[in-house]
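Working notes, beginning with the structure itself.
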Amino acid sequence: MPTAKFVPSDPAFETRVRASFARQKLMHLFGATIERVAPGAVDIRIAMRDDLTQQHGFLHAGVVTSIVDSACGYAALSLMPPEAAVLSVEFKVNLLAPGRGERFVARGRVLKPGRTLHVCFGEVFAVAGDGAEERLIATMMATMMAVRDRPDVAD
Amino acid sequence: MPTAKFVPSDPAFETRVRASFARQKLMHLFGATIERVAPGAVDIRIAMRDDLTQQHGFLHAGVVTSIVDSACGYAALSLMPPEAAVLSVEFKVNLLAPGRGERFVARGRVLKPGRTLHVCFGEVFAVAGDGAEERLIATMMATMMAVRDRPDVAD
Amino acid sequence: MPTAKFVPSDPAFETRVRASFARQKLMHLFGATIERVAPGAVDIRIAMRDDLTQQHGFLHAGVVTSIVDSACGYAALSLMPPEAAVLSVEFKVNLLAPGRGERFVARGRVLKPGRTLHVCFGEVFAVAGDGAEERLIATMMATMMAVRDRPDVAD
Amino acid sequence: MPTAKFVPSDPAFETRVRASFARQKLMHLFGATIERVAPGAVDIRIAMRDDLTQQHGFLHAGVVTSIVDSACGYAALSLMPPEAAVLSVEFKVNLLAPGRGERFVARGRVLKPGRTLHVCFGEVFAVAGDGAEERLIATMMATMMAVRDRPDVAD
């Protein structure tokens, strides 16, 4: 996991990220919560639930993607100026192990910030009951875009 | 959209795909339905719903991914022998336009079948009210794996 | 292969694309030539050569990528205004079959143009001796960026 | 950069990787050399050369991809049993900065080994004259396949 130090351009980045996350209704539907919000780094947690599974009873790859996409997008937003909103341009997900576990945490990190595009790296871990052990189940490489001057898009 | 002709190795492929889809509880949660099931080709539909949105009110990229991942996975399964199950290995999604619309259809197609790996191409379209117009909002390139002899995985 | 119709914003797009290609010294090294240049569509050809191979004697995946990256990049550039230059942001390549053949053609197509980002789809085919038969060996999904006001980058 | 510890299944892995690399004629053409070979980790170096450039004089994205694909592929091969050969299934490259520099190093690392598929992460750095400073210019996420029982493919 990359560990760069970034200086946010918006001092109120955490409030802004948390407020935007609260408007993501899909995260409510999934019971996902936002945990850590640091400059260029956001963690999102989710508990396993029967209605989030695929045919073998594992967490659906679409849910894995949803939480790590949101984590990467908000990691990018945390470094953007107040007037910019964030949109996902593209991402690649590698599913390394079946989504088996009680809880999952998605960690999104900015690898390379830019004026328009932010390249992010994300990981999803299955977490055992006591939280002591984490098992990597998926990775994401994502391109996030800072969108300005679009009235339909404001974070 | 590629349009190859494939001969399924399992004559009961449609029943099998539909039965497996019925076990994907995430698709129930989303209100997604499986439409066309042909050899190497599966379509999945979903209606826009407020609880599937991201912060700007568009369909969340994770929902877009979920339906096209399932469409691609089942397109691959439709060509697999009865004893194989399907798992997503990896995919890349490009988000071409915001997820704005009343309904969406994800089309998964096998581009190149193999003994172990199937390469699939998927597209997601936003559909206007009367179904007359479709607008491409996302593409997927995916690698799907035929899994054998794993007791925890059976489609 | 997508077949959209695009109107180029630069009437001299073909001259510009061919002149820029002529400056790609790697293409000279590979003996690659640019064939078709149409709005949003560029084809690049290469002949098999012993010094372009990997350890099994197939065309190296890096050469496959090089020609389809250039084809996609120039397909994007063909739609850009005269003041913009093109840079590859990211791409994904799926290698569908070994790079075995006498000649290869890479076809780059713009799937979705934008002001800043162009999403492109590319295919690489192995071509048999008489040119009658083409076999798909690789696909690319790529994001290309229009770069303006950068003195170090001009196509 | 991930830093897992792996135990190679072939004690002669280093000899095998170096011998296979020596057969990659494209690497000779590029003047690339293999440096570090450790279990699940391979580094490949290249010096900037005029004939490896794209139209702006930067290292061509195809060359960047070639060296990091070889680095990831050999990182995977280093963990495979003697009877297996390696083929690239797919990869995604993010180009984070222009390929400007005197030398470049590609580092390929296995993120998750498997019986058939190895997921690898790669990075390419531009290296300044004295080797003291490295600048990340590209990342790769790749799926590599262990191929057995194919007479045309042996590493």
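Lettered A, B, C and D in written order, each chain numbered from 1.
Operating definition for what follows: a contact is a pair of C-beta atoms (placed from the backbone, for glycine too) under 8 Å apart; a residue touches a chain by one contact, two chains touch by 3 or more.
Keep in mind it's a predicted model, so treat the numbers as computed, not measured.
Undergrad: What shortest step count links chain A and chain D in the network of chain contacts?
TA: Between chain A and chain D, the shortest chain-hopping route counts 1.
Undergrad: So which chains are sitting against chain B and chain C at once?
TA: A, D
Undergrad: Which chain is most remote from chain B in terms of Cα centres?
TA: D
Undergrad: Let me have the rounded angstrom distance from the C-alpha centre of chain A over to the C-alpha centre of chain B, please.
TA: 23
Undergrad: Nearest whole angstrom, what separates the Cα centre of chain A from the Cα centre of chain C?
TA: For chain A versus chain C, the centre distance works out to 33 Å.
Undergrad: Which chain D residues sit where two or more other chains touch them?
TA: Touching at least two other chains: 89-90, 92, 94, 119, 141, 143.
Undergrad: Given the complex with chain D, which residues does chain C contribute to the contact?
TA: Per the stated touch rule, the residues are 20-21, 23-26, 28-29, 50-56, 60-63, 65-67, 69-70, 85, 87-95, 98, 152-155.
Undergrad: In the complex of these two chains, what residues of chain A are touching chain C?
TA: Touching chain C from chain A are residues 89-90, 92, 116-117, 119, 141, 143, 145.
Undergrad: With touch defined as at the start, can you tell me which chain A residues reach chain D in the complex?
TA: Residues 92, 94, 96-97, 111-112, 119, 121, 136, 139, 141, 143 of chain A touch chain D in their complex.
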